[in-house]
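By letter and in written order, the chains are A, B and C; residue numbering begins at 1 in each of them.
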Amino acid sequence: MEVLSPYKEATEAIVEAGGEPLKLCYQCGICTGTCPWNLVRGFIVRRIIHEAQLGITDFGSEEVWLCATCRACVQRCPRGVEIIDVMRAVRRAVVSLGIGIVPDALRISAKNIAGAGNPLGEAPERRGDWARDLGVKKFSPGTEILYFPCCIPAYDPDVKRVSQATATVFNKLGVDFGILGTEERCCGEAIRKAGYEDTFHSLAESNINTFNRNEVKTIVVSSPHCYHTFKNEYPELGGEFQVIHIAQYLAQLIDQGRLKFSKEINKRVIYSDSCYLGRHNGVYDEPRKVLQSIPGLELIEFPDSREDALCCGGGGGRIWMETVKGERFSDIRVEQALEKGAGIIALTCPYCFLNYRDSVLTMDKSEIIQVKDISELVAEAM
Amino acid sequence: MDEFKPQIIAFTCNWCTYAAADLAGTSRIHYPPNVRIVRVMCSSMVNPMYVFKAFESGADGVLIAGCHLVDCHYIDGPVKCDTMFARLKKMLHTLGLEDERLRHEMISASEGVIFAQVIREMVEQLKKLGPSPFKIRREALV
Amino acid sequence: MEETRIGVYICHCGLNIAGTVDVEEVTNYAATLPSVVVSRDYRYMCSDPGQDLIKNDIKELKLNRVVVASCSPRMHEPTFRKACQDGGLNPYLYEHANIREHCSWVHDDKKVATEKAKDLVRAAIKRVYYHQPLEVKEVPVNPKVLVVGGGIAGMQAALDIANGGHQVYLVEREPSIGGHMIQLDRTFPTLDCSECILTPKMADVGHHPFIELLAYSEVEEVSGSIGQFKVKVKKKARHIDESKCVGCGICEEKCPWKVPSEFEMGLGKRAVVYIPFAQAIPNLATVDVDHCVYIQSNGKKCGACIKFCEAKAITPETLLNQTDQIIEVEVGSIIVATGYDQFDPSVIPQYGYGRYDNVLTGLHFERMTCAAGPTGGKVVLKDGREPENVAIIHCVGSRDQNYHEYCSRVCCMYGLKYAHLIKELTDADVYEFYIDMRCFGEGYEEFYKRLSEEGVNFIRGKVAKVTDVAISDEEKGKLIVVAEDTLLGKLIRVPADMVILCAALEARADADKVASLFTLNRRADGFFLERHVKLDPVATPTDGVFICGCCEGPRDIPDTVAQAEATAAKALSLISKGKITLEAAIANVDETKCLGCGRCEEICTFHAPKVISKNGVMVSELNETLCKGCGACAVVCPTGAMLIRHFTQEEILAQVSALTEV
């Protein structure tokens, strides 16, 4: 039988990397039972925490990289253990101390982000290209709103639909907005969760400087990940901005009577809560409110929604890592949507968008179900 | 120059906050040594004159702390204290004292941790503010 | 005027103080202060030799003021006041400096702590200078006792006091006494039937010549203080003539209207005019006004009970015109035994309580296994079938900072009891999902072992969810309990027909109101706070008010009974002493300064000062038995006529300026 001895130094390394909350864990296992990974494969979250408590963490294990930071476990934890912080700390220990193995796909994305400011390795000078034909102005001091699209809607040929729809809606309504295009860099939320603390800091500092230099006060974002880090993490580094997710902003426009619809969307639409809008930031009602305001649209719910919504699998840097067929949460989600007879899955997150799009394609269901961002639906109905 | 060590006088009610400070002690919850506690039977016993005296004789901050509204041994002492406190705050403001130097808290007998926390916060805040203007004036005159 | 001669004593408290404070330095420092005649340090001032130091010095050095610097005055101020008194000095010529809880225990830098201790001692010395001798007055103790709550705790306390020959008023808000215990089927770990052991006690309470049972009543108002409380009790209208009702139950039988029974946790129904259960004490019918058709129609409809009541206890008059009564009683002490509420698990969405029919709470299950209960003692599912698998989930709402952080103490044991009963009454397999098994009482661990022998499956893991979404054929039609088996490190799904949630005991929803009624303090968890967690567990900060049972925190029956007996002993010792000393540090009016403006009268909650005309001059007069010494009047007095003895302005100002001296 393998005999283990506690290794204090390893625990200390994890605690120093921000894993302090692990001390509180009393090993009840509700995290394991709550974790979506256990729908598709074994992932004993509790054991990871216990191993970290004793310093016997297997830094070489692929389990280090599984957590999608969906926060379902943290929400239920009876001792208030910030399990995501522990997971992130273990990853930081691997990345910064060079113990263990960083998955190739993640390493490449991290390199791209550090180098080009986006995970796709696209040229920074082409970051504003998505808006080229839309008459979007560059943000300058005095502009009311900075629209920050996130790397994926800025570059991905398919997901560009999201940023373009947003700009179209804004233009139609006469919203005073601009973009910073080539000056933006990735927000850094996911790469931080993946353990690259230094990369995050340099991205955040660069963005904060850019925003301050341009006298940015209000930022509207398409990604809940940008939303989360701008709102909750940038202030630690001195970046204080008013941050609004597009779903919230659209809901405000409806409330103010500025946004009105003239077309019907006669579809059954199922809304998928994104983890970073929902569980991380408590925004559940606004996206639903926007969808329900669209004439003809029938809004339905997943069996698990709001606080209990199933993650798409894309948080915590998972979006850049390979998830084998049969283990993709978004596949389960698409099946659930099909069972409910939905024609459209409505989303509020570019990561969800990528995962759901891939699931629909690989499951060969694109004939019967579509994946759309909430801004696209709004643009269509105007 | 020596580091500025703010002096705090805390008027605490016998039943709740004084007991909370006792509990902090029993639980060995450490906090900065800048506070001196004056035990009163109820926070409603604190005469504005005592607070003036404290500032006049060199305190940089004053804490008045008693029970939560529902816990009061004398039923509604905290309400009376509140009324007095509001007036006192205005008077001190007129005299040119920063609002942050006078604090009113409700800390129950079971909240030793909170007592220690409040003291830590006050010390931090007062360090930022520097010595009380009363004290500076007095020292300049002497 | 007499020369002030102060003796100062600094306690080491072993190393508790001396470990952090340089006691010798403080002692030497005190000796240099004006009026200090002697300054000594001693290892333990509270010991007899320590106290003797004070007594001897008072005599030999003619001390007329004493200061001790030691632990909290809440601990030993009475000790040293007594020592002064024994030495021939008025106990109020004493002042205490707290250099342990407020100094040595919260700082670690010896130099800093020593300086702080010096400040505290200096302030005490400056203050004691102004102390005046106070006269301590005594008042007689009313030997009657009020007990609030007719559960096992209140009944036990009432019986102990009444058996000692003293009058008890027992107030219960429900129609019958019995509390939660009478709802229980059997009691762990001995499995004796709750009813069988409780009903004789209930009957004793009902018949006791010294117990006046005020059931279906609530305390409305409490005034006065230890030894002489005045209490107003609202006796709610039962809408029957209590003097005529014989408890035959014919009204209940004939009443055509049924509503869910509170006693049966909604599993059964009761009539609108009802006796909550067979052994109710007092055995009287009560009319549920909100649901009574006769009352709601103002006598136009129904009236079946009137027709059938042979005793003529129910009449149109009682139904339509009977009103609540206010009864005033005077007592010397009060015992609060108001019990607990069961945590409502519907706020934990993932356990499906309220969504799935066969997810029950503990109290539901108690009623189900009770032979006199709604299922006749059968463990059955909603559809009447017997369950094949039952899951019991521990720590529901307890040990969980999302709900209650505390351990609810009784759930492990009652969970085991349910497992036993299921094994006894059905062929079902039982799964207990626990985090830690806490079986700490007499015979408890043995009971746990017995259940292991009976073949109960124990799974260590907090349940993540209860769902009806099946992923295999054997799960179909069942509830599935999902958890990590933390000992295996594997996710486990247990199909079950019935899920029992071991819901926590929590503070009563109206505990805040009860607390302000009796001037009690509450802990962060909502339960009432005892005066000292270890050494004064049933007293409260309010003299003469005691607490016992689950209103103070979750506890089992043996602990509750022991505590109830402790409160009775407290009340009885007060009665046998017969008198109590009044607080001497209360307000005092200097009539020569008083303008009779009435601001003191206005602010006083206790109506102690009153402006009267004395020889044609308006002055404030103080009723000393009503004054509690809070000091609010002195703050509003515009002329300084009102002062609080022992907390006079000059005393506090002296202390404040001494503390800020540098």
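Please note the rule applied: contacts are C-beta pairs under 8 Å (C-beta built on N, C-alpha and C of every residue); 3 or more make two chains touch, one makes a residue touch a chain.
What you are looking at is a predicted structure, and each value in this text was computed from that prediction instead of being measured.
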Response to the item:
Chain centre (avg CA) closest to assembly CA average -> C
Worksheet entry | Pair joined by the larger number of C-beta contacts - B-C, A-C | B-C
Practice prompt. Mind checking the centre-to-centre distance between chain A and chain B? Centres are C-alpha means, answer in whole Å.
Written response: 46
Item to complete: State, to the nearest whole Å, the distance from the C-alpha centre of chain B to the C-alpha centre of chain C.
Response: 30
Worksheet item: Could you state the distance in Å from the CA-based centre of chain A to that of chain C?
Response: 49
Response to the item:
The positions of chain A in contact with two or more other chains are none
Practice prompt. Specify, in ascending order, the residues of chain C that touch 2 or more different other chains.
Written response: none
Worksheet entry | chain A to chain C touching residues, read off their complex | 26-34, 38, 42, 44, 46-47, 76, 78-80, 303, 307-308
Worksheet, complete the sentence: In their shared complex, chain B is touched by residues of chain C numbered 72-74, 98, 100-103, 105-109, 112-113, 115-116, 119-120, 123, 512, 515-516, 519, 521-524, 529, 541-542, 585, 603, 605-606, 628-632, 634-635, 644, 647, 649, 652-653, 655-657, 659-662
Practice prompt. Using the touch rule from the top, collect the residues of chain B that touch chain C in their complex.
Written response: 7, 9, 14-16, 18-19, 21-22, 24-26, 28-31, 33, 36-42, 44-50, 53-54, 57-59, 67, 70-77, 80, 84, 108-111, 116
Worksheet item: Which positions of chain C touch chain A when the two form their complex?
Response: 349-350, 395, 399-402, 435, 460-465, 469, 482-486, 489-491
